[in-house]
Amino acid sequence: MPAAAEISSPEAGNNHMVRSDDPEHPANLIPALCAKFWTLGWVTGTGGGCSIRDDDLVYIAPSGVQKELMKPSDIYVLSLSQNLAQSASLRNRVYLRSPPALKPSQCTPLFLAAFTRRGAGCCIHTHSQWAVLVTLILETRGPGFDREFRVNNLEQIKGFARGPGKAGNLGYHDTLRIPVIENTAHEEDLTEFLEEAMERYPDAYAVLVRRHGVYVWGDNVHKAKTMCESLDYIFQLAVEMKKLGLPWVTEIEPTVPTRGRP
Amino acid sequence: MPAAAEISSPEAGNNHMVRSDDPEHPANLIPALCAKFWTLGWVTGTGGGCSIRDDDLVYIAPSGVQKELMKPSDIYVLSLSQNLAQSASLRNRVYLRSPPALKPSQCTPLFLAAFTRRGAGCCIHTHSQWAVLVTLILETRGPGFDREFRVNNLEQIKGFARGPGKAGNLGYHDTLRIPVIENTAHEEDLTEFLEEAMERYPDAYAVLVRRHGVYVWGDNVHKAKTMCESLDYIFQLAVEMKKLGLPWVTEIEPTVPTRGRP
Amino acid sequence: MPAAAEISSPEAGNNHMVRSDDPEHPANLIPALCAKFWTLGWVTGTGGGCSIRDDDLVYIAPSGVQKELMKPSDIYVLSLSQNLAQSASLRNRVYLRSPPALKPSQCTPLFLAAFTRRGAGCCIHTHSQWAVLVTLILETRGPGFDREFRVNNLEQIKGFARGPGKAGNLGYHDTLRIPVIENTAHEEDLTEFLEEAMERYPDAYAVLVRRHGVYVWGDNVHKAKTMCESLDYIFQLAVEMKKLGLPWVTEIEPTVPTRGRP
Amino acid sequence: MPAAAEISSPEAGNNHMVRSDDPEHPANLIPALCAKFWTLGWVTGTGGGCSIRDDDLVYIAPSGVQKELMKPSDIYVLSLSQNLAQSASLRNRVYLRSPPALKPSQCTPLFLAAFTRRGAGCCIHTHSQWAVLVTLILETRGPGFDREFRVNNLEQIKGFARGPGKAGNLGYHDTLRIPVIENTAHEEDLTEFLEEAMERYPDAYAVLVRRHGVYVWGDNVHKAKTMCESLDYIFQLAVEMKKLGLPWVTEIEPTVPTRGRP
C-alpha cells in the first residue's frame, strides 16, 4: 500500500500496482470476474463493470472495453482517501494509475459511493436484461408505486445479508426490498440518486436503475458477487412469474405446514 | 476407511481424507460436479449443494461458498454410522473433517436422510428456477391439490428408476410423481417433512421444496446426476408447457399408432 | 476395414477399432460431438445419441451414459452388411465391438434405418425441448392435422439439402416439412414408423417423434450436425413464434420488395 | 500488403496471407470470433458470418462451414480496390486467396457494401433468433409500418455510435432506428436493398433482414462486435417486452427525477 507521499502521477505508469502473481489480486480478479459476467449476459457490449477496494486503493475496470477480454493492465487505480480529500462530489478524480488509450468508467462515482457510504469492498454493475425487465414491469404500476422491487417467500432471499452492522442474512419469510431509481442521461448523474436511495434503504445492498441495470455491493468480492448472482436469479424468476401470472409478494402463514394430504 | 477408533477430532485435520489423485474420489468429484451445476444455474449464489456417500463416509460441500470455485480442501467428511449412533435426529453431528473458516451445510440432515432411509450414494440439492416455478404453478391449484408434481407421456420419464428394489426404469406411459413439501424458515427443519414425503412416496427419487428447489438422490453419483438432469429438463418443459397452455398429464391410448395419414 | 473373415466376437475386444490419434475418427468424433450436444441440451440425462457410419462400419454411442463424459472406449461397432444379411428386422444385432459393462443403444435400429434406407453417414438423435414442444403444439391441432411440422419463409430453411439425389438446398420460399410419428413404449418399436415416414417423405432428413425428440441424418457428420442445428434453431423459433401469436406458415408474394417507404 | 503487381491467382495459394502468429491478425481473429458467435447462437448451422478489412485487404469466412470449427486456412482474401475497379456490381469477384474445396460466402457483396459505402473495418452477419423475431413482430404492423425497428430510453442504446463523422455515441433518450429490408431468395440479391437502406439511414450501423437476421458493421472489429452484442441484447429485450405487453418506444420526460417517495 503506497503512502500518500509515494503516489505518482498517472503519467508515471505505476504498472506495478496491477502486476501480481496472486490470482486474488484485484487487478487479476476484476478481469476474471468480468469474463465470467460476460458469459452471464451482465456486461454485454462493454456495458456494466466492476470495482474492488483493497483498504484505501480502488481498482476499477475501464470504460468501453470488451469485458471478456480485459487484462490487468487495463485497470485503473485510485486512492479513496485522496479523492475524498480533494473533492466532495468525487467528480474530479485523481488516478494513481491510468492505462494509456483507455477512458475511466462513468460508473466510478457510483462505485465510490458504495465504498465510502457503505464501506463496501466490491461493487458490481450489471446491465442484466432481467434487472431491466423488472424495472419495466414496475413502471407499469405508475408513478410512486414503481420505486421499489419487493419479493418474499423465496429461499434465495436468504442469500442477502440483513444489513450493515446486522448479524446474519435475511430469512425465508422476510421481504427483500430493492429501491429503483430513474435513469439519467449521464451515468455520473446517477450518483446523487444512488446515494439518496442508500439513505432511504439503509439495509439494501443493491439499487436498481430503471431501463438500465443494477448496482450491487458487498463487504468483499465474495459477498458482492454471490448477492449479485442471487439477485439476478430472483429478477429472472420474477420476470417468469410475471409471464405466468404469479404474484411477487404473497402472504404465507408462518405456521408449521400440515403433513400428508388433507 | 478409518476404523471407529481412528476417528480424529476435526481439529486434527484429517486432510488425507480429501486428498486423492483419483478424479472419481468424492473430494474431487464434488467440486467438479458443483462447477458443472453452477453453469446450469442450479447452485447460483452459493445456493444448493451436493453430497456423496462412500460406504460409511459421507462427503459434503460446505455452506456459503461459491460453488464453481470449490476445492477438495473445502469438503466436510463424517461417518454415517457414528452420527446415527450418537443422534437420532442427526442434528448434533460429529465431523471427521471440518475445513477451517467454513460452515457445514444446512442441507446435511437432508442429505443424511437420503443415505440412511434410501441407501443413496449421492444426493443433489438444486435451486433450479424451473423447480421453483413448478412449485409456484402448483400452488395456484390450492391447498391439497398442490402437493404433487405429475407428468406423463414424455420420453424423458424413462430416465427415472422405477423405485428402490424394483428392476428397470419408468416407462413412457407411466406417470412420474414428485412430492412437494412446504419450505421452512430453517433448512434443517425440512428434514422431517422430507422424510415423511419419502415414506409416502416410497418409489420417488426426488422431493420438491416449495419456493426453494429440489432434492434428488440415487444409488450412485451417475444415477443421482442423470435423474437430476432429467428432472430439471422436465421441470423446464413443464413451465414452457404452462406458458403455451399445454396440460402436464394427458390420456394417450396405448394402442399402436395408425400409420400414414387418415 | 476388416474383411468379413476377420470379424471377431465381441468377447475378443477389438479395441483397436476405437483407438486412433485422428480426431476425425468416428470413435473420437462421437464423444466430442456428444459433449457439445450436452451443452446444447440435446442429450440431457443420458437421453439422445449419435452414430457415424464409415463405409460398412457403424459406430454407436452406448445407452445410459453421461453423454458429456463419453470416451472412445465406450463406443459400439458393428458391420452394416453383416447385420443386414443376418436379420431383416435388424433386431438381432451382431456387434464387432461391445464395451464391457455397457448396454447398446435402443436407438440402434433407427440409426441403421438412416444408413440403409438413406445411405446416411451420420445420424443424430436429440431430446431437444424445442423439438418436444413443437410436437406438443402440433398435437393440439387434433388427429390427422398434427403429423407434419411445416414452416416457410425463414432464411435458416436454406440449411437443408433438397433431398437425396437432388442438387442444392431448399430455398427461402420453400416449405420445410418434417414428419411427426407417435412415440412408442419401446424405442426400438419406433423403427417401422420411422421407416414408413422416410417412405412418405422421401426428401426429408429428419423425423420428429411426439413427446420424445427428433432424428436427423445426413450424408456425413458435417451435414447431419449442421442440419440438426438448423432444425433446432427453427424449432426454438417456432415455439417463440407460437408464444407471440405468429404463424409458422405464411404466404409472402415472391415479388421484388418495394424500395423505401410507401 | 502486396502491391497490385504481386497479386497472384487463387490457384497459387497465397497461404502466407492467412498465416500469422498474431492473434489479432484477421485470419486468426475471424475463426476466434465465429467460435464465440456460435456459442451465442448467432451462426448456428453454418448460417451467418464475419468479414474484416485491413486497409485494402478483405478477409472473409467461407460459406457452409461449421463456424465454431473454422481455421485460418479456411479464410478467403480479396483486394477491395481491385474488385471495385473490375466490377461496379461487385458480383464478379476476384479473390487473392481461395481455400480449396470451399465456397465463397454469399454475404460477400453485403460485407463489401459496408466496407466501400461506410468505410467499415468489420462487418458481422448473424442469424440471431432475436433479430428474426423482431422482424416478425414488426411484420404484424402491416406494410409500411414494419420497415423500421425503433426503441428508446434504454441504457444499452449508448452502445451505438451516433453516426459516421459524428462524435460520440447515442444518448439514453435518443431513439435507436434500425431499418428492416425484405429478404430475397438469393442472399446476394439483398445487396441493393442493403445499400438503399444505408442511404436512407446514413447514421445506422446495422440493417435487419426480415425472417433472416441482421448485418452490423463498425469502424473496426471492436466497434462492430460490441455494437452487434448491444443490438442482440436489445432485440432479446424487445422480444421479452413484447411478451410482457411493454411498448418499445416510450415518452419519458427528460426532467430531473423527483427524489424520494411522493
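The chains carry the letters A, B, C and D, assigned in the order they are written, with residues numbered from 1 in each.
As a convention for this text, contacts are C-beta pairs under 8 Å (C-beta built on N, C-alpha and C of every residue); 3 or more make two chains touch, one makes a residue touch a chain.
The chain lineup, named per UniProt: A, B, C, D = Methylthioribulose-1-phosphate dehydratase.
The shown structure was predicted, so the numbers you read here are calculated from the model rather than taken from an experiment.
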If a chain touches chain C and chain D alike, it appears here: none
Copies chain B and chain C - rotation angle from C-alpha fit, nearest 5 degrees: 90
Most distant chain from chain A by Cα centroid: C
Copies chain A and chain B touch via same or different residues, half shared test: different
Cα-centroid distance, chain A relative to chain B, in whole angstrom: 32
Rounded Å distance, chain A centre to chain C centre (Cα mean): 45
Set of chain B residues in contact with two or more other chains: 243
Which chain pairs touch, all of them: A-B, A-D, B-C, C-D
Chain A to chain D touching residues, read off their complex: 41, 44-47, 66, 127, 129, 132-133, 136-137, 140, 143-144, 147, 181-185, 193, 196, 200, 209, 211-213, 239, 242-243
Complex interface listing, chain C residues touching chain D: 153-156, 159, 171-173, 222, 225-230, 232-233, 236-237, 240-241, 243-244, 246, 254, 257, 259-262
